[in-house]
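Once you scroll down, you'll see the structures, which are given as C-alpha cells.
The following pair of complexes shares a single chain, chain A, combined with chain B in the former and chain C in the latter.
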Partner chain A sequence: MSDETLLRVREVTTTFDTPQGRLTAVDGVSFDLAAHESVGVVGESGSGKTVLSRTIMGLQPRRGVSVTGSVLLNGTEVVGATEEAKRELWGRQVAMVFQDPMTSLNPVVKVGRQIDEVLRVRLGMDRSAARARAIELLEMVGIPAAVTRYGAYPHSLSGGMRQRVVIAIALAGSPQLLLADEPTTGLDVTIQAQILNLLDEVQGRLGMSMILVTHDLGVVATRTTRLVVMYAGRVVETGTTRDVFARHRMPYTRALLESSPKVSNPSHTRLAAIPGRPPNLLDLPTGCAFAPRCAYATDRCTSERPVLEPADEPGHLFACFNPLPLRVGSPS
Partner chain B sequence: MARYLARRLVTLVGIVIIISVGAFYLIHLLPGDPATVILGTGDSPQNRARLYAQLGLNRPIIEQYFVWMKNVLHGNLGISFISQVPVWTTIRAALPIDLEMIVLSQILSFAVAIPLAMSSAKRPDSWLDRFLGAFSFTMLSIPAFILVVVLVLVVAIKLAVPHTGVSSYVPLSQDWVTNLESMALPSIVLAIGSVTVYYRVLRSDLIATLQQEYITLARSKGISQRRILWRHALRPSSVALLGTAGVNIGGLLAGGFIVQYLLDIPGLGYTLVNSIGLSDYLVVQGIVLVVSIGVIVINFVFDFLITLVDPRIARE
Partner chain C sequence: MSEALLSVRDLSVAFGPRGRRVSAVDGVSFDVVAGETLGLVGESGCGKSTTGRALMRIVEPTAGTVTLEGVELTAASGRALRERRTAMQMIFQDPISSLNPRRRARDIVAEPLDCWKRAEGEERRRIVDELLAQVGIDPVAYGDRYARQFSGGQCQRISIARALAMRPKLLICDEVVSALDVSVQAQILNLLEDLKAEYGLTLLFIAHDLAVVKNISDRVAVMYLGRLCEIGPADTLYDAPAHPYTKFLLGAALEADPEAPRRSEVLEGEPPSPLNPPSGCRFRTRCPFATERCATETPALREVAPGHQVACHYPLVVPVRDRRTEGDGAPTGTTPPAEGRAAG
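Up next is the complex of A and B:
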C-alpha cells in the first residue's frame, strides 16, 4: 500500500440476518482511495452502495450484521474493530454526510450545539471556542446569518440549509475522508447542484478524500476521478470516471448511463429505464445477477458468475462475459 | 405560545367549576349529617333545626352551593362545623405533606426509571430487558395498599428500621432527617407504582428513537454511547413520559391517600377520609377543590415541560 493510499478496501462482504434468512448486501468489494481523491460509487437502489459506505466507516447497526474482509483506513483496520476503537476514527478521520437532512438532524437540539458537540467532545475545545468555530463552519458551508442560525432548531431551516448543517457537522472534526451517501436525494433539484458544488469545493479546499455515493451518474461525472459501479452488492465495473463514461464494457453501466437524464437531450426525450427490477438479495441467481435484465445475456451468464477482468486501460475492470464493443471513434 | 397557554387556562377554569359542583353534590348525597355529629343522636328536633339554620343547611342545595362558591371566590373556604378551625388552616397544615410525598416519590421514580429504561433500550430482548419487563409487569399489578403492608411488615417490624412504621410521621419542621426517614416508606410505595409505568413508556420510546437516523449521525461523531443516550435520545423520547407523569400525579394523590391513611400520616388524604366520616362538608369540599386545582396545575406544568423538551410542539 503506497503512502498515497488513504483507504484500502479488500474483499468486503456485509451480510444481514433477516427473518427471511441471510442477506448479502455487499459482496467481495475491493477498491483503493488515494489521499485527496474523490471516488464515485454508483448503482440503483438496493445495489449495496449505502451499506458499503456504512461498512467502510464501521457504522453498521450493532446486531444482526456481519462483515468480513478488510477496510484499512489510514493504517487502521475498521472491520472487526471495537466500538471504542471506531469512535476514535469517527469524526476525526472519517465523517459522513447523510442522505436525508430531514431525519438526520436531532429535532430537539439546536443546530449550533449539534456542530459544537464534535468540537467540544472530540477536539476538547471550550464552550466559547467551540461556538466561534461552529459559527465559522456555518459560514463556510454557506449559511447566511450564521450567528442567528447557531441557535436555531432544525425544523426552522429548509432542507438545503439542513444539509449544509449536516456537512458542517461532518467537517467539524477535519476528517481526511468524507463519505457522502446520496447527499442530495432528499433535496429539491435546484438545491442539489448547490450542495454538490459545496461538497466539491470543501473537498478541494480542505484536501479531503471523498466517496460520493449516488444513483445518478450525472452527479459524479465532473466531481470524481474514479468510479465504482455496483450491482446486487458486487462491483461490476470500475475505472477512471472518463473511462467508465466513454469506454464502459458492462451492459449495466450503459443502462445506468442511458437512464440518467442529460441536459443536452432535446426536451421530451423519453428517458430509458432499465427493464425489470433489481434482484432479490436473499435469492441471488447463480450466474451474473444482471443477466435476467440484460439484452446480451447468454446461457453462460445464467450459470456462471463473471469476475472482474482488466480492460485495455490501466485500472479499468469489468465483470462481463459479453462485454460491449468499444464504439469506433469513441473519445479516449 | 401565549394563545396556547390562554386556551389551557380557560379549560382549567371550566374543569374546576365542574369538579366543585360534583364534589358539592356528592358530599350532600352521602349518608351522615353534621348535626348528628355535633349534637349526638338523642337531641331534640328543635335544636337540630336551629343548628341547621345556623349552619345554613336548611336552604336549597343550589343556594348553598352559590353561597359557598361566592365565599371561595373571596378566598374564604369557611370554618369547619366540627372543629371550628378555618378550613384553609387545616389544608395549609396538611398540603405540604402531600407535596413532599409526591416530590420525593417522583424524584425517586425518575432516578430509577430513566437508567433502567436506557439499559433496556440499549439492548432490547436481552436477558436484562426481559427480566425488567417481567419484573415491572409484576410490580404494576400489585396495588399500593398491599405494598404498604408488606413493606411495613418487612422494614418496620422484621428489620426494625426506626421511624418507618405506622404512626411514625415526624413533621419536616421538627427534624428533617427523621422526617425523611418517616417519609421514605410511603414515598417508595408511591414510587414503585410510578417507576413501572415510566420505565415502560420511556423504554419503548427510547427504542423507537434509537432507530432514528439522527442517532446514527450522532454515533458517527464518535461520541460515547452514554452521551448519545442522555444528550440525543432522552429528550426526544420523553414527550410521552412527561404526559404520562402529568396524568399519573392525579392517581398518585389517590394512592397517597390510602398510604397516608394506613400509615397515619396527617396529609390531605388522611384529613379527607376523616372529614368524610364526620360529615365535615366544608373541609371535604375545600380539600376536593384544592386537590383538583392541584392536579390540573400539575398537568399544566407537565404540558408546559413537554413544549420545552420538544420545540416542535409549541408551534401549533
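Up next is the complex of A and C:
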C-alpha cells in the first residue's frame, strides 16, 4: 500500500478569511493515492471538493487563505512550497483539467500555442519540436484535423473539443497525477461519454494516477477504484468504489445515492429526497455537519463531531455515530 | 380518443437573416394530453428549449400551429393571447436569475394575481401564503424575505409558486432542476409530482438529463437538431428505443452503479451545425445504419407500437404495420396517459 504511494494527503485544512468571518472549506482531510490509481472525490456544492483539489495542486490566492497539514506529492511537500518549487511540480508532476473549457483556455491565443507554451517553458523544447509534439497531443486526445486545429482559436471549437484541448495541455508535460475537476459538467451526455473514455484511455496509456472530482456519482461509478465522499469540507466516508456504493455506512452517502434518479428505474419512482440543504460553511453545527438533515441523528450527533473509523472492509472508513446496518445483498 | 390539451403541428422556428438562417426547430408535431407529463429530451442545440419558448410565443414560431384547449395560440394576439397564456406557465433553468433579488417572496408570488386583478387584500394574502406553504416555503417565517436571501432550491420553489398562482392547466418546465444539487433536485422533482396530482396539472418537462426525464414523465419525446426523432411511453422508449439516436443517447447515460456494464458503443463526433443541417434525416451523418435513402428522403414519424412513434427509415423496433400513411392529417404522438399509475 505504502511503497507505491504517489500522493499523501494528511490533515489538510484550508480556510478563507471572508468579510463574514473565517470559513473552513476543507477540514482535516487525509487520504493516499497509489501510482496508477484513480480516486473519485464526490460531494455537492460547498462540500470542499474543488478547494481540496486546488490545495493539492498548490493553487491558492496568496492572501486570505491559510492551509495547514501536509500534501506530499512524490516526496515533495506542496503545502508552504514556494512559487518556484510549485512551478517545478506543475505540468510535470501534477496537472489539472478544470470544469469550464470556455474559461480555462485563453480566447485570444491559438490552441496550438497554448499547448506549445507548456512544452517550451516546462520541457525546454524548441519551436518546431514543440509544434510537432503539440500536433501529436491533439491527435492523441482525438481531435480530427489536428494540423488545422493547431492554428484555431478556442471560440471556433465546440465545448467537447475545447475540453480535449485542455486535456492535451494537461498531458503535455507527462504528469504523474492528473486532477480532473468536474471535467464533463456542462457537456452533453454523448460528449461526456467521449471525454470520460478519453481520460480513461490516456490514464491507462500513460500510467498516470487520477483524481476525479465530481458531484455526479454516475461519473465515478465505473471509472474509479476508490471514492472519497465529502460533506461540508470533511471526509464522511471513503473506501473502494464498490464498498462505498454497496456497503456504505454513512447516511449521507446513502442519501446521495438514493436521491439521484436512475435510468434503470421505472418512471415515477419516488425519489428518496433528504430535507434541507448543505450547511453554511460560515456557521457549521458543532457536531456532525449532516446531523440537521439526518434521519438517524441523536443528541450525540449534534454535540460531538464523529471521526473516521474503520468499517469491516479494509480501507473502508466512515464518520458516523449511528452507522447504517449493512443490507443483505447489494442494492442495485 | 381523449383530446389533447396542447396540440403542436409542424412547429418551426428559424433565427437569423436569409443565408445565415439557423433552423432551430423544424416541423415538430406532438400532443400533450390533459393530466400527463411529456418529457422533451435532447442534447444542447437540439431545439428543446426553443420549442418550449415557441409554445409560449416567447419566441415567434416561423411556421406551424400551437393549439391550447382548442384555441389557436399562434393566431391570437394582444389581450386574447395574454389571456390564453395565463393557462400555461413556464419555469426556467436558473432559479436565481428568474427572480428579482430585491423583491420579497410574497410579492413575487402575488405579481400574477396583481397583474390580472384576480385577488386583493385579505384574499390575496391568503392565496399567496397557501401557495408558498404548498411549495415548502414557510410563509410566516420566510414570506417577507427578499429573493436574494434564498438558496437556488428555495428560489426554484418560489418560481413554482409564482407559476401556480394563475392556476395554469399546463406547466412548461425548462431544465428546472439542472442547476440544483442532487439532494435538492430530488426535493423539487418530488414537489412537482405532488403538485401535479394536487392541481391536476399537465407538464411539459424539458431537460437534458435522461434519468430525470424518465423519472417524471409518462411519455418522452427525443429531439435531435431541431427535429423529433422518437416519441413514446417513457418505460417502453427507454427499454426498447426505436431510433438509433435514442439508443446511443441512452447508452451514453451514466448509471450510478459500479456493477453496471460499461457500454462500448459511444456515439462518435458531434452534432452538425444547424446553420447547414444534413439533408434527409438529420442524424444520418453520425448514424451507423444510414444509407443513401436517409440522405434523400426525410423520414416521417410512424408508429412502431401503440403510442410509440419514430422518424427513421430503419427503426430498431419493427413497425407493427409498415404502411400507415392513410389519413395523414391524423394527429401524431397522441396517447392517453397511463391510467394505472396512481400516487405511488
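Here is the rule we use: the second predicted complex is superposed on the first by the 319 of 332 C-alpha atoms of A that agree within 3 Å, B and C clash if a C-alpha of one lies under 4 Å from a C-alpha of the other, contacts with A are read in each partner's own complex, and residues count from 1 in each chain.
Quick note on the criterion: contacts are C-beta pairs under 8 Å (C-beta built on N, C-alpha and C of every residue); 3 or more make two chains touch, one makes a residue touch a chain.
None of these values were measured; they are calculated from a predicted model.
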item: Chain B versus chain C as contact partner of A:Ser303, first or second or both or neither; value: neither
item: Touching partner for A:His155 - first (chain B), second (chain C), both, neither; value: first
item: First, second, both or neither for A:Val166, with chain B first and chain C second; value: first
item: Partner chain in contact with A:Arg242 - chain B first, chain C second, else both or neither; value: second
item: Which partner reaches more residues of chain A (counting touched residues only), chain B or chain C; value: C
item: Touched partner set for A:Thr286, first chain B, second chain C, both or neither; value: neither
item: Touched partner set for A:Ser104, first chain B, second chain C, both or neither; value: first
item: Residue ranges of chain C touching chain A (in the complex, touch as defined); value: 43-44, 151, 153, 181-187, 189-190, 193, 208-212, 214-218, 234-235, 238, 248-260, 262, 266-268, 270, 341, 344
item: In the complex with chain A, residue positions of chain B that touch it; value: 212-214, 216-225, 227, 231-232, 235-236, 309-312, 315
item: Chain C contact footprint on chain A (complex, rising order); value: 44-45, 158, 160-161, 188-194, 196-197, 215-219, 221-222, 241-242, 245-246, 255-257, 259-275, 277-278, 293, 330, 332
item: Chain A residues within the chain B interface of the complex; value: 57, 59, 83, 86-92, 95-96, 98-100, 103-109, 117-118, 121-122, 153, 155, 166, 169, 173
